[in-house]
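In the two complexes that follow, subunit A is the common piece, with subunit B as its partner first and subunit C second.
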Partner chain A sequence: MFNKIYDWVDERLDIAPIWRDIADHEVPEHVNPAHHFSAFVYCFGGLTFFITVIQILSGMFLTMYYVPDIVNAWESVYYLQNEVAFGQIVRGMHHWGASLVIVMMFLHTLRVFFQGAYKKPRELNWVVGVLIFFIMLALGLTGYLLPWDMKAVFATKVTLTIADSVPLIGPAIKTLIAGDPTIVGAQTLTRFFAIHVFFLPAALLGLIAAHFIMIRKQGISGPL
Partner chain B sequence: MSKRNVSRRQFLNYTLTGVGGFMAAGILMPMVRFAIDPVLKASASGGFIATSQKVSELTAEPIRVDYTFDQIDGWYESQVTNTAWVYKADDGNIVALSPVCKHLGCTVAWNTDKEHPEQFFCPCHMGRYEKSGVNVPGTPPSKPLDVYETQVKDGILYLGLLKPHKGA
Partner chain C sequence: MHRGKGMKFVGDSRISANGKPFIPKDYSEYPGKTEAFWPNFLLKEWLVGAVFLVGFLCLTAAHPAPLERIADPTDTAYIPLPDWYFLFLYQLLKYSYASGPYNIVGSIIIPTLAFGGLMLAPFLDRGPERRPAKRPFATSFMLLAIAGVVFLTWQSVYYHDWDKAASQGKIVEGVAIDKEAGGYKALEANTCLSCHGAELTGGAGPALIDTGHTADEIKDIAKNGTGGMPAGIFKGSDEELEALAEFLANLSAK
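After this line comes the complex of A and B, so read on.
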């Protein structure tokens, strides 16, 4: 059944080269934990991506119930967590995944750093990786406000005060992020929501694509 | 034991597909169940809602009865006001009709079309119903108006669930 469908599509579109190009390539021996157990350090980049996929999926499902509005945000989060089946699991995946993705990304960065894998010709990929790091931190920051509880609001006030302390342009940055010069409220919440679910993920996907294309082009760095 | 040989490649394919499928299912199952929850949730509706309409004041002429109740919509609780068209039928029974047109869901009203008096009229597509709620043939609606279950307590009209019209 599956083979027949595959053959039907392949006959018309010749898809074998496409998936082969993505999936069919050898893992070098020094990267394969089956050969050297210490090669597990090469897994952290893939784990970061794996958790990112879970974050995107669980986030998509959470927006089925979540409302970015100061009156309803907290109530909708309470409802989806306590009244909807598996709400605690789905929100838990997003909550814990947010921390775990930072951990995995940090371990991945440490591996690349201490192996010197960022050196020529891979400098550009390091730069893109650092940009991904910043995007991830921004995702964590914007997502933190969305439940609209006391912790979220005061954490965001702290963030805005930090932004405010930038010389000269600080107040402008603060207003740009919060949507209002003094209030942390309705406009802040919708802004953070839009940034969290549209702008940052779009930037993230673009950067991840660049990250992966570069690693395929250059190959993984050689053994130590 | 069968003598069929499973090659190393096949064995790895099976185990990796199995483990991968198990992980994917573990991730997706809670999310899908989470998403389809509204379909599987038992609806807690039912029970009669009191109106402010005294039954003794009802006549053969349909009147508009608004009634208000508490509605729980997920995390949002509010008071919702719905309408029924109520009159006393010739046999003395109280008839309470839904104002929702069976064509495309607009709101019908009694006696608002000058060319066709003594009928329920929907302004969206000129749908019409007899006083009994039965749709007038040749107008857009294909079914009669839904009917409320009614109850009388202490001379006050109570409205229950909407049921399909029994006539026609």
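After this line comes the complex of A and C, so read on.
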């Protein structure tokens, strides 16, 4: 049955080269923890991606309950946390995942840095990786406001004050992300929501795709 | 890559019939025990992921995500704190040469140099050597940066008032308060409400619901203060004090 479907699709699209590009390659000995346990340092990048997938899935479920307006945002999070079946687990995964993804990405960055794996020909992949790091930090920053509790609003006020202090373009940046030159309120919450849920994930997926395509194209760096 | 005339496609698609696939890296230059990614290595990755997921779920079950009380932007006494991975940047802004008139140093120059340097690392460290010991500058700059981040984060955590942080954001169950009671009137007359809130759910001072104090302790605090509350705020009569203490001691969310 499965074979017939595969053949039917393959006859029309020639999909064998596509999945072979993705999956059909050898994993060299020096990155395989089964051969050298110290190779576990090569797991950090994959775990970062794994947590990113968890973040996307748990975030999708959170938006089924979350309401991005200042009257209902906190109430909806409170309801999700205390009333909805497994709501506490889903929100907990998203909350702790946000921290873990930073930890894993930090370890992955250090692994690549100290192994000098960013050297020619992999310079571009390093730059894309650092951009992913920035996107992740921005996701953490915008996501922090969404529960609309005390720490969320006051941390965001601090962030906006810092953005405001940038010379020349500071006030414009602040107005862009807060929705108003002075008020931190309804508009700020909807902007942060849009940035957190649509803009940044779109940028993140594009960058991650570029990151992986470059890895497949160049292969993993050799042993030291 | 072959382009233009003579190219063959699968059907009328744009998929090349004789195009070279993505070149899987030939690892013959590092001879050793290579392993096929699909399916052997992927299965192992899957197992590592499963073990990780179990640990992760244990964490989420043991420590529910925190939620403070609903935002009240008028509460000016709240001490803000960003998420832990921004603490080092936040702490940087508290030093005299990185804040006030030098704000631009702490908010722009240092972060730009640090993150810019990180991003441009491949173009700054261009030698062929890869071992950390053979790249003394790159290695020592990175170690210095890590030490700086760890130190700033530790400073920020060390100097934050965690007790106040725990009480200032606590969700307080509101209770129906008898605002005609003598105790409430005494609170009102002695300006207690300006810090503890008209609903006694807290503000600059902590909530007065479920304090856990006895009436005598409350009398003492009202007169002599405690923590950030100065002495001598209560100026009323002894009868008022008695009513106030009884009122608060019996004020419970249950």
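The criterion applied here is as follows: the second predicted complex is superposed on the first by the 209 of 224 C-alpha atoms of A that agree within 3 Å, B and C clash if a C-alpha of one lies under 4 Å from a C-alpha of the other, contacts with A are read in each partner's own complex, and residues count from 1 in each chain.
Note that in this section a contact is a pair of C-beta atoms (placed from the backbone, for glycine too) under 8 Å apart; a residue touches a chain by one contact, two chains touch by 3 or more.
Quantities reported herein were computed from a predicted structural model and do not represent experimental measurements.
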Self-check item: subunit A residues touched by each partner, larger count belonging to subunit B or subunit C
Solution: C
Quiz item: Between subunit B (first) and subunit C (second), which, if any, makes contact with A:Thr188: first, second, both or neither?
Solution: neither
Quiz item: Can A:Thr142 be said to touch subunit B (first), subunit C (second), both, or neither?
Solution: neither
Quiz item: Is A:Tyr78 in contact with subunit B, with subunit C, with both, or with neither (first, second, both, neither)?
Solution: both
Quiz item: Between subunit B (first) and subunit C (second), which does A:Thr52 come into contact with in this model arrangement: first, second, both, or neither?
Solution: neither
Quiz item: Which of the two partners, first being subunit B and second being subunit C, lies in contact with A:Pro28: first, second, both, or neither?
Solution: second
Quiz item: First (subunit B), second (subunit C), both or neither: which does A:Phe86 touch?
Solution: first
Exercise. Once the two structures are superposed, pull the subunit A residues common to the subunit B and subunit C interfaces.
Key: 54, 75, 78, 89, 93
Self-check item: Contact set on subunit B toward subunit A in their complex
Solution: 27-28, 30-31, 33-35, 37, 40, 74-76
Practice problem: Show which residues of subunit A lie in contact with subunit B when the two form their complex. | Solution: 54, 57-58, 61, 64-65, 72, 75-76, 78-80, 83-87, 89-90, 93
Quiz item: So in the complex, which bits of subunit A are touching subunit C?
Solution: 12-14, 17, 20-21, 23-30, 32-35, 43, 46-47, 50, 54, 70, 74-75, 77-78, 81, 88-89, 91-100, 102, 109-110, 113-120, 122-123, 126-127, 130-131, 134, 137, 140-141, 144, 147-155, 157-159, 162, 165-167, 184-185, 216-224
Quiz prompt | Contact set on subunit C toward subunit A in their complex | solution = 10-11, 13, 15, 17, 19, 21-25, 27, 29-30, 32-38, 41-42, 44-45, 48-49, 52-53, 56-57, 59-61, 63-73, 75, 78-86, 90, 93, 103-104, 107-108, 115, 118-119, 121-123, 125-126, 128-132, 135, 138-139, 142, 146, 168-169, 171
